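Paired with subunit B in one complex and with subunit C in the other, subunit A is shared by the two complexes that follow.
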Partner chain A sequence: MILPDFEYRKAETVADAIGLYNEFAGNVRYLAGGTDLMPLLKHRLSTPAVVIDLKGILDLSTITAQDGWLTIGANVTLFALKQNQTIRDYFPVFYQSLEATACETLQMRGTIGGNLLQDTRCIEYNKSNDWRVARGFCLKMGGKTCNVVPGARVCLSNYCSDNALALISLSATVKVIGPGGERAMAIEEIFSGKGSKPFALEPGEILTHIRIPMEKSKGAYEKLRVRKSIDYPLVAVAACLKEDNARICVGGIGPAPRVYDLKGLGTDRVVDASRSTYADAKAVSNTTLSPEYRKRMAGVLFRRAVNKALKEEK
Partner chain B sequence: MKVACENARQQIVAIAAEKLGVPEADIALKDRLVYSMENPEKKMRLSWVVREAFARAQPIAATGTFFPHIDLKREWISRPWGQMAGTFSYATSVAEVAIDPETGEITVPHFTAAHDCGRAINPMAVEGQMEGSVQQAGMAAITEGNLWDGGHLLNPDLLDYKVPLACDMPEIDAIIVESIDPVGPFGAKEGGIAIRMNAYSAIACAVSQATGTLFKEFPLTPDKVLELVENGKEETR
Partner chain C sequence: METVNVTLRINNELTTLQVKPNETLLETLRERLDLTGAKASCGMGSCGACTVEVNGMPLRSCIALTVEMDGAEINTVEGLKEEEKLHPLQESFMEEGAVQCGFCTSGMIMTAKHFWIETLRPPRRDHQGALFQCLPVHRL
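And then the complex of A and B:
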């Protein structure tokens, strides 16, 4: 498929990028690794006048450990993170989620910032323009109906980042800079919960850094997919244990990940929590496997992830 | 191909015999040379023969055809008898599967395929064909299938139509069982198709045996397999 026409600009600093954003009155898309953006452009799901390349912002390509935080620049590739010894030693859940993301070729291209801010996906949305014209435009494309659930009022597309789940379970925070200034927030706050516009970021904001508290943790990442070699998650669970508490994040179903904080890790407590995961998971038939199955697996993977992390602790 | 080569050789031999002044039956070809077997001193480069043929405006070019002895009147429904193929190749597939009882995910740790391909002219190519068949039939039985919504194909791309990739493949033992076919070129039959015809049956049988129940639909995606696991438990109760 051929890319549409757009102007290409490369920014060298964050201020540069925001300047360009203002210059083109917001009709822009930011480009990092491009593994999510390029297919969207080719499918005409995004049609910016200008693409602003952020890869040249060198400040965002470093990993530093300081003052009890590990700070990761948004331009660091997934592969580089996987090679980082601190991440392997301190955050096993994050290492496992990086390992489970796509394949190594894509990990070398994709950046952590781009991975977190990837658009939500749906089997009736990520399609060519011709296909979508034939099927009729859905809510996320600006149409009036959902093609998966007839009559639905909101879009239920799936947020498919593996690493977001791991970072949420690690209580990470993110820093964003936009035309309106700079702000920091817990990573789970970047989600709007709406499939049609999944992120609660202001227009023009750039995710610049991710910060993880430097505490050794035990963790496990469980991902369900048809092909172990490459696929997006059909449902995934990240679990991070610190002493007797656990923070568990369930994703791959619906437009935002769900977070569960457990105090005490007795078997009853975990089974109870996994039941509520099952109840909370609002799966619809927008992937290749049936929604009932994915809903059920949310609970199964929840128990698995916690048990795997517990075993590691011993 | 073999017949065409033989015809091309015949053209070379005719020119060389004339040039060297020896009978055609005395000519041999080796190491890019054409020579007389009786008197090996009489020889010339193969390239000269080719050039000579070109100068005569009759470049060395040959075609060849081969048609097996089959009964052309045979038809699958109305006349299902008579010789259907020139020769028959055979193959056996053995699949080893592991099923996760909680998620229904299938993994294939090991696959053994044995194939009677006639003479294996290029054994590595035959093994490659066999491995390709394990992918296209064996592993594909677990992952590949079209999804429809009314008349709309939901997975017209290689992200959602799941062709197994290299990392999804099992350990494969490819065993070539040679038999020299009396008719096929150099005794060959075919490479790989026989595995292509039964690799999915091997996966299907293994899954059926592991779950203790039968099924009627491919692909064996985890959601369907989990159902089989649960039905199997009920049936044995």
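And then the complex of A and C:
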């Protein structure tokens, strides 16, 4: 499939990139690894006048441990993160989610910033332009109906980042810089909960750093997919255990991940919490597997992840 | 659309090209340089038939822009053989008959090169991320 016409600019610094954003009046897309953006462009789901390459911003390509935080630049590739010994030792849930992301060739290309800010996906959305014109535009494309659930008023596409779940369970924070200045927030606050516009970021904002508190943790990541070598999660659970508390994040269903904080890890408590995932998971038939199966698997993976993390502790 | 000058080292030969910003590396290799070893298949970065090696790492060239590659060192399957001698991987693919129609084989070899030779790790099918269903995978 051929890419649409656009201009290409390379930014050397974050200020540079924001300058370019202003220069082209916002009709731009930021490019990092391109593993999410290029298919979107090919499908004409995004048609920017200019693509701004952020890979040249060297400040965002480092991993540093300082003052009790591990700071990861948004340009670090998933493959490079996997080689990092601190991540292996301190954040097993993050290591496992990196390992579970796509395949290794794509991990070498994809960056952590791009992985977090990937667009939500739907079986009726990620299609070629011709296909979508024939079918009729859905809510996420600016149409008036949902093509999956007739009569739905909001978009129910799925957010499919593996690493966001792990980072939420690790209580990570992110730093974003935009035309309006710089701000930091907990990672779960970047989600708007709306499938049609999944991120609560201001126009032109760039995710620059991810910070994880440096505390040793136990964790596990469980993911349901059809092809073990590559697929996006159809439902996934990240569990991070610190002493007697657990922070568990369920994703792959709906436009934003869902967080569960558990105090005490008795079997009853875990089973109860895993049952509530069934009710919470608003799965609809917008993936290759049936919504009922995915809902049930949310609870199964929940228990599996917690048990795996607990076993590791012994 | 304005064009951009890009200098690439492809199979150890320096080449300077004028490309459009929206040209993928795969299009450049196949249509301008006649290096048709990398194949256009899914076009979405899923299947891996377009894999080439860029700066020592395998890359899916159908979702990478040529303009991003300025100054990069690119190796394609055409550059694997030394003089007239095939690369050991190519030899073993032939010996084992790990080819059915052969369309995806060049991408397979370029991916395999990294995982089997450069990192000296045992091959794991679920790692490789190459999706070729017709192929006699057990022979790989």
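Simple rule for what comes next: the second predicted complex is superposed on the first by the 314 of 314 C-alpha atoms of A that agree within 3 Å, B and C clash if a C-alpha of one lies under 4 Å from a C-alpha of the other, contacts with A are read in each partner's own complex, and residues count from 1 in each chain.
As a working rule, a residue touches a chain if its C-beta (ideal position, glycine included) is under 8 Å from a C-beta of that chain, and two chains touch if they have at least 3 such contacts.
Every value quoted in this text rests on a predicted model; they were computed, and no experiment measured them.
Look at A:R227: by the touch rule set out above, it reaches both subunit B and subunit C. With both structures placed on the common chain, the touch criterion links A:D53 to subunit C but leaves subunit B unconnected.
Of the two partner chains, subunit C is the only one touched by A:A102; subunit B is not. Contact with subunit B, but none with subunit C, is seen for A:W131 once the two complexes are overlaid on the shared chain.
By the touch criterion stated above, A:I123 is placed in contact with subunit B alone, subunit C being left untouched. By the document's definition of touching, of the two partners only subunit C reaches A:L3; subunit B does not. Judged by the touch definition given at the top, the superposed model places A:V300 against subunit B, while subunit C stays out of reach.
By the touch criterion defined above, A:K42 lies against subunit C but remains apart from subunit B after alignment on the C-alpha atoms of chain A. Contact with subunit B, but none with subunit C, is seen for A:L289 once the two complexes are overlaid on the shared chain. Put simply, subunit A uses residues 103, 227-230 to touch subunit B in one complex and subunit C in the other. On subunit C, the positions that touch subunit A within their shared complex are 1-2, 4, 20-24, 43-46, 48, 51, 57-60, 62-65, 67-68, 111, 114-115, 125-131. Interface residues of subunit B facing subunit A in the complex, by the touch rule stated above, are 102-105, 143, 147, 149, 152, 154-157, 159-160, 162, 164-168, 221-223, 226. Subunit A meets subunit B in the complex at residues 103, 123-124, 126-127, 131, 134-135, 147, 224, 226-232, 288-290, 292-293, 297, 300-301, 304. In the complex of the two chains, the subunit A residues touching subunit C come out as 1-8, 31, 34-35, 38-39, 42, 51, 53, 55, 102-106, 108-109, 227-230.
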